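As structure tokens, the structure follows; a few thoughts come after it.
Going by the order they are written in, the chains are A, B, C, D, E and F; count residues from 1 in each one.
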Amino acid sequence: MNKFILTEKLKPLLLEDLQFGDLTSEAIFQASDIGEATITAKADGILSGSSIIPTAFSLLDPSINVKLFKNDREKLAEGDKIASIEGSIQHILTGERVILNLLQRMSGIATLTNQAISFLNSEHTRICDTRKTTPGLRGFEKYAVTCGGGYNHRNSVNDGVMIKDNHIAFCGSITEAVEKVRKTIGPMVKVEVETETEEQVKEAVAAGVDLIMFDNRTAEEIAHLIKLVPSHIITEASGGITMDTLHTYQHSGVDYISLGFLTHSVQGLDMSLNINGGI
Amino acid sequence: MNKFILTEKLKPLLLEDLQFGDLTSEAIFQASDIGEATITAKADGILSGSSIIPTAFSLLDPSINVKLFKNDREKLAEGDKIASIEGSIQHILTGERVILNLLQRMSGIATLTNQAISFLNSEHTRICDTRKTTPGLRGFEKYAVTCGGGYNHRNSVNDGVMIKDNHIAFCGSITEAVEKVRKTIGPMVKVEVETETEEQVKEAVAAGVDLIMFDNRTAEEIAHLIKLVPSHIITEASGGITMDTLHTYQHSGVDYISLGFLTHSVQGLDMSLNINGGI
Amino acid sequence: MNKFILTEKLKPLLLEDLQFGDLTSEAIFQASDIGEATITAKADGILSGSSIIPTAFSLLDPSINVKLFKNDREKLAEGDKIASIEGSIQHILTGERVILNLLQRMSGIATLTNQAISFLNSEHTRICDTRKTTPGLRGFEKYAVTCGGGYNHRNSVNDGVMIKDNHIAFCGSITEAVEKVRKTIGPMVKVEVETETEEQVKEAVAAGVDLIMFDNRTAEEIAHLIKLVPSHIITEASGGITMDTLHTYQHSGVDYISLGFLTHSVQGLDMSLNINGGI
Amino acid sequence: MNKFILTEKLKPLLLEDLQFGDLTSEAIFQASDIGEATITAKADGILSGSSIIPTAFSLLDPSINVKLFKNDREKLAEGDKIASIEGSIQHILTGERVILNLLQRMSGIATLTNQAISFLNSEHTRICDTRKTTPGLRGFEKYAVTCGGGYNHRNSVNDGVMIKDNHIAFCGSITEAVEKVRKTIGPMVKVEVETETEEQVKEAVAAGVDLIMFDNRTAEEIAHLIKLVPSHIITEASGGITMDTLHTYQHSGVDYISLGFLTHSVQGLDMSLNINGGI
Amino acid sequence: MNKFILTEKLKPLLLEDLQFGDLTSEAIFQASDIGEATITAKADGILSGSSIIPTAFSLLDPSINVKLFKNDREKLAEGDKIASIEGSIQHILTGERVILNLLQRMSGIATLTNQAISFLNSEHTRICDTRKTTPGLRGFEKYAVTCGGGYNHRNSVNDGVMIKDNHIAFCGSITEAVEKVRKTIGPMVKVEVETETEEQVKEAVAAGVDLIMFDNRTAEEIAHLIKLVPSHIITEASGGITMDTLHTYQHSGVDYISLGFLTHSVQGLDMSLNINGGI
Amino acid sequence: MNKFILTEKLKPLLLEDLQFGDLTSEAIFQASDIGEATITAKADGILSGSSIIPTAFSLLDPSINVKLFKNDREKLAEGDKIASIEGSIQHILTGERVILNLLQRMSGIATLTNQAISFLNSEHTRICDTRKTTPGLRGFEKYAVTCGGGYNHRNSVNDGVMIKDNHIAFCGSITEAVEKVRKTIGPMVKVEVETETEEQVKEAVAAGVDLIMFDNRTAEEIAHLIKLVPSHIITEASGGITMDTLHTYQHSGVDYISLGFLTHSVQGLDMSLNINGGI
């Protein structure tokens, strides 16, 4: 994660929890009471967002010192130390909740993504995300998907064309929709089409799109449809695929499987921050 | 949800997905292509966040017309129409994803809260949330908890004192921590203490705190400890309570059970937006 | 004052005075002309906001060095040196006015609060503020009240319930208003009721509110009414109390006296910044 | 006050008091409970900031209707109705405090300015303000000064040159300071010099500045010094002038007297908002 | 241009020119002085940004009425009326400069793009822009390029991969750079490579990139190199191409020519706003 | 340029190009890959904006080290090294485009201004800018004009009065317009009047304005009109003056010539950033 972007995005998130200040920590501690804290994993998983720890604490107090014991993308086992933090106890506790909220969510996403990859167990097919992210946290969540081994689909409606059923219906056909789009988009924009029938797959191929999405299809259906698609067109399976059915797509040959649940239904990875004592 | 606050909070969330514009919708539709869309529930649950629909669409296009068929706090059955939207198809599709992302998350939280209340099945004990919310969305998520029938714990570290183990350890005792806090806080601030032993409960009572939290306790332990607490002190059970163990707390007598998973591990409630056709 | 919050709040205040730059200082000085300046009290009072000096100057120029001779809450006598500042004269003069404007206002509030406490001269009764603060500066002003020895009432309409005459009239009675409120608020929220008659005080006690406010009452009236209130309910006198009448409340027994004039009618404490010379 | 600027500046001020919402008003009222309220003057003075009432309420709720009975710059007598507001009681009460805080402060400034003009009682000499305004509210406060009949000195350090003692000392003389400034400033910028001696006045005249400020001078001293200044140079008296000494400057002949206390030590003009009842 | 994005982007641009208000217009006119104004082209060109006129004026004053006589992408001849504006003269004049500054710049870009297309005079080759836009105005300027008939290259470094000489040098070869990139990017991201030699073109083809850019090449060189590139790879000529040399690329066969000067060296299209008189 | 203002203004400009991150640089480089880069002039001109280089890079990565070889206002010859940058190659390349876009634009403005001064070749007459700047970049562009040797006219409509034809027509005459303005403006505000006839010049002189602008006049006409204006009134020629006609104004005697094209039609000064290699 780019540190400048991270810094600017963390500011409003810290202020949301702080408002005018932390009543408890400011009543109990002096800013000059120094101590050491540890962030520890309380479950197994994949780490994501570790750079939030030093960045957020340095916003709250530049004199806080953070040592990271684990890097993003690394496996965490329950009990693993992720980071030690040395500095003002008041400021450490003030930042605790927001930092853990982000870190747990991101590590939860990385872990879930990694599980999906294991369940799929395919050498060819990649897992990717969708735009079903938490509003305001897209950058954090899309990065977390990559930490788990997944790939990012569109970051916004501005960096790729996705022609869906509503667009096709309005234009009359995939051919006409693609033609309309080609009139306005520039050279760096990819065009993907959502297909629901074999006819549509054929039409999309003929229209020369960059990606073809098979909407709500079983692995068998995809294995069949994919034969209609030349290798330079990327294929994507999307819709209705769960952790339980992922393994059936192992040999489907599809290039990407996009999973909305990676980001819209996150189980945070449990972590704790403990003060080890004063110094 | 206060509409002014909602409006100001929605703006950056819409811009996150839009960036410089919606390539697909702007290529396919004219702003003047008018149509009608419906938002439909695709699972059973409780609705929360319905005012986002008219507010977000009116930011995107003041001429879009939204009719709500369901109100917040109402039950949704799969297939229920939540809202119909009439206006520029381009602008409807541009807002679709962000609106659904929020609505599904909030309704997921409301639904989960409601399930927790059913599982607990207590006339006395209330369910409440924690600060383990998604950074940036605390206002949305805390409101969703209330739509499910739950209550809000602190909105920020600025509107209540919560004395935890780290504070107690630093001060030496609950008594000393409470005394220290009383020196600085004003008349509208409540003081809650986290307790881990019977001795601590007694000490907290003697210190005259406003709330006592039983940390990581079974229902039986709480039923015992609660006898030490006079009725004007509010009690809260927190930590380690799951959907599976909630029912054991039915007759524990505790005033509030706070559940971090209500907001940190949300399963979005599935919904869809479909264009019914042009007009 | 939390330094992170302070930094973020100071930025727009500095930019308000700077706009595109400081014409005079930039015309006269090079950024590299180094000098030393002193901030001096020009009247007796209580200091508040001293951390603004290093924080604001380090925003303008991280190489400026500030030494503080006085801490917040300390007494100032006319002529006392508050701080010395070493660094670019151009940048020191550019920040001078905004820093003094804030420091004088905050110290004025602290001084006034301290005078109020002296005039009241009560061992039991505390002075607190109201929401009659300068829009945009609530955090600064509420902190200044605590520097003078006062306490903070609500920080916002979001962190406490205050049932006033308009609410009571609408609900029909205090009892009904309190009941209505209890249905929605969480465990950390206190409920205060404004009372105007003895009947209302009794009703508020029966309704089990957390605080009872006596609106526009003399010390004698309060001494009488307070007997109706059990000790675990906090009492507050508010409305119509001036510096001149404060002493009459010395033995009234009320817990808090809230004074709007502490923040809405501030006499800034005079200070000056003088350049001692180049280095 | 320009309504666009006003709108953008009001937003953060309203959010400061609202945070996540108004607990009391939202618990007691439905947004659809309609009523009528009146804003009334509780003291004599001059009105300033009346456009804040409709602008702020329309941010909170565009369906609220405001009728203004008094315009800015008009005299208010205790008991005068300033405005009536019709609409959602919840939203009216939510905005009450911030609106009154601003209105009272601005009307207080207008009233004070007006008193200063009366005390001065001069046909020639104008009263003006300084940059000793409340950080964040300069636009509001400078406008209020004009409502009271005063004039605005610099809005920021960016729209005028003010050469003070520190600048003169650094450059060696007024002559050198003015020369230095002339090298960089453009045609629309005025240059003012602070003078402390007769020699400096003469030097400033010779240097061809646009304004000469007499610092900390009695009316008699000014009457003498002013004879040295040709009529096309504007003169200003500043420093140490109080309400009590203003009248002595009646015939001093100085063009402007600048008074820091107009904005740094404001006594808010008392006002109240009362709900007249439901509709 | 999406109106919501436009609105949010216009606000700071208007405030930049307004600061605390428009001294002249507010001194001369009452807000209620109504008049009519016309925006007229003072040179021939292509219109871009017309929606800025109603959007900006409605921010300044919702009661201002704008009628557009020309649409974006339309030809303008000197003297053509672009829009008439009816409403408060004060508010019309307050917005004039910022609106014209934007409109002239955008129309200048559209006109220049259109000229480039004419000079190129190719049925096959398209003109596109670069990221050499004015910081802060990328959305405005990229839209203006499309109004002139051009296409948009990357909107940001986040929506496409562009492998340049520095990247290739670091990785050792195009092949290695592309491999490295493929490991992290998702399915919607295109990869472009900058090539300087025939060897590099061949290597890029073998690496299977989406676009190949010929850096600083004459039309003849490109006509030769392009034979090495299969038709499903998009080609782009970039660097050193001027208005004078564009026509030589007419039959080069390259897909896109990107021109930095379209946005980094803009000649604004002259326009004026005239008040026709009061109403 | 004030560094604090610069920092705050650069943030959104960097984020505009970065969005969620730099796909290419983050795919190719580790943040820890260190190298050295040079910014070199590719054309002759005047440097402006050099402090953007260290300020922007330190936002992106505080460990990047920048050495400046040229200062603002200095002449650049093609091939001159402007700065060397040492640090993370990833972060250097991420900032490259935005920094160059600004630097080239500002240096282009400084160069153009300088050329205008050379072409004018007058000892008396100064060149100044207008408000025809790029929205959002006024501070940058006005500073660049001064680097080229020019002067700044108004920074905003808030720091000077400019009475134009529309105002005069509405008021009836220059005399009446000036009188109206004098009633509201403070002592630090200058009043300029646009004149189109000899009569108007005489009227403006009689009205005692601070500046008289000759609109669309030849040098000969101005040489004549200027005799009507006493020396303490500043004169400005504006409108219709081009690089080609500037020299004719050499001996016109006018104080300032304002040139809109200095900022509205900028030819960026070409520069490049090259990575010299790893370290």
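The rule is simple: a residue touches a chain if its C-beta (ideal position, glycine included) is under 8 Å from a C-beta of that chain, and two chains touch if they have at least 3 such contacts.
Quick caveat: nothing in here was measured; it's all calculated off a predicted structure.
Contact with chain A and chain D alike is made by B, C, E, F.
Where touching is counted per the definition, the chains common to chain B and chain C are A, D.
Set against the Cα centre of chain C, the chain with the most distant centre is E. Between chain B and chain D, two chains of identical sequence, the interface residue sets overlap only in part, with shared numbers making up under half of the total. For the pair chain C and chain D, the distance between C-alpha centroids works out to 22 Å.
Distance from the chain B centre to the chain E centre is 43 Å, each centre being the mean of its Cα atoms. Separating the CA-averaged centres of chain B and chain F is a span of 51 Å. With centres set at the average Cα position, the gap from chain A to chain E is 32 Å. Under the contact definition stated at the top, the residues of chain D that touch 2 or more other chains are 18-22, 26, 94, 138, 155-156, 158-160, 184-185, 189. If you draw each protein chain as a dot and join the dots that touch, the picture is not a line, a loop, a star, or fully joined; it has some other shape. All chain pairs in contact, by the document's touch criterion: A-B, A-C, A-E, A-F, B-C, B-D, B-E, C-D, C-F, D-E, D-F, E-F. Of all residues in chain B, those touching chain A in their complex are 12-13, 16-29, 33, 89, 93-94, 97-98, 101-102, 104-105, 108, 131-138, 155-164, 166-167, 169-171, 177, 180-181, 183-185, 189, 264-268, 274-275, 278. Considering their complex, residues 126, 128, 146, 151-155, 158-160, 184-190, 192, 211, 232, 234, 236, 255-256 of chain E touch chain A.
Of all the residues in chain D, the ones that touch chain E in their complex are 1-5, 8, 138-139, 142, 155-156. The part of chain F that touches chain A in the complex is made up of residues 11, 14-15, 18-22, 26, 59-61, 94.
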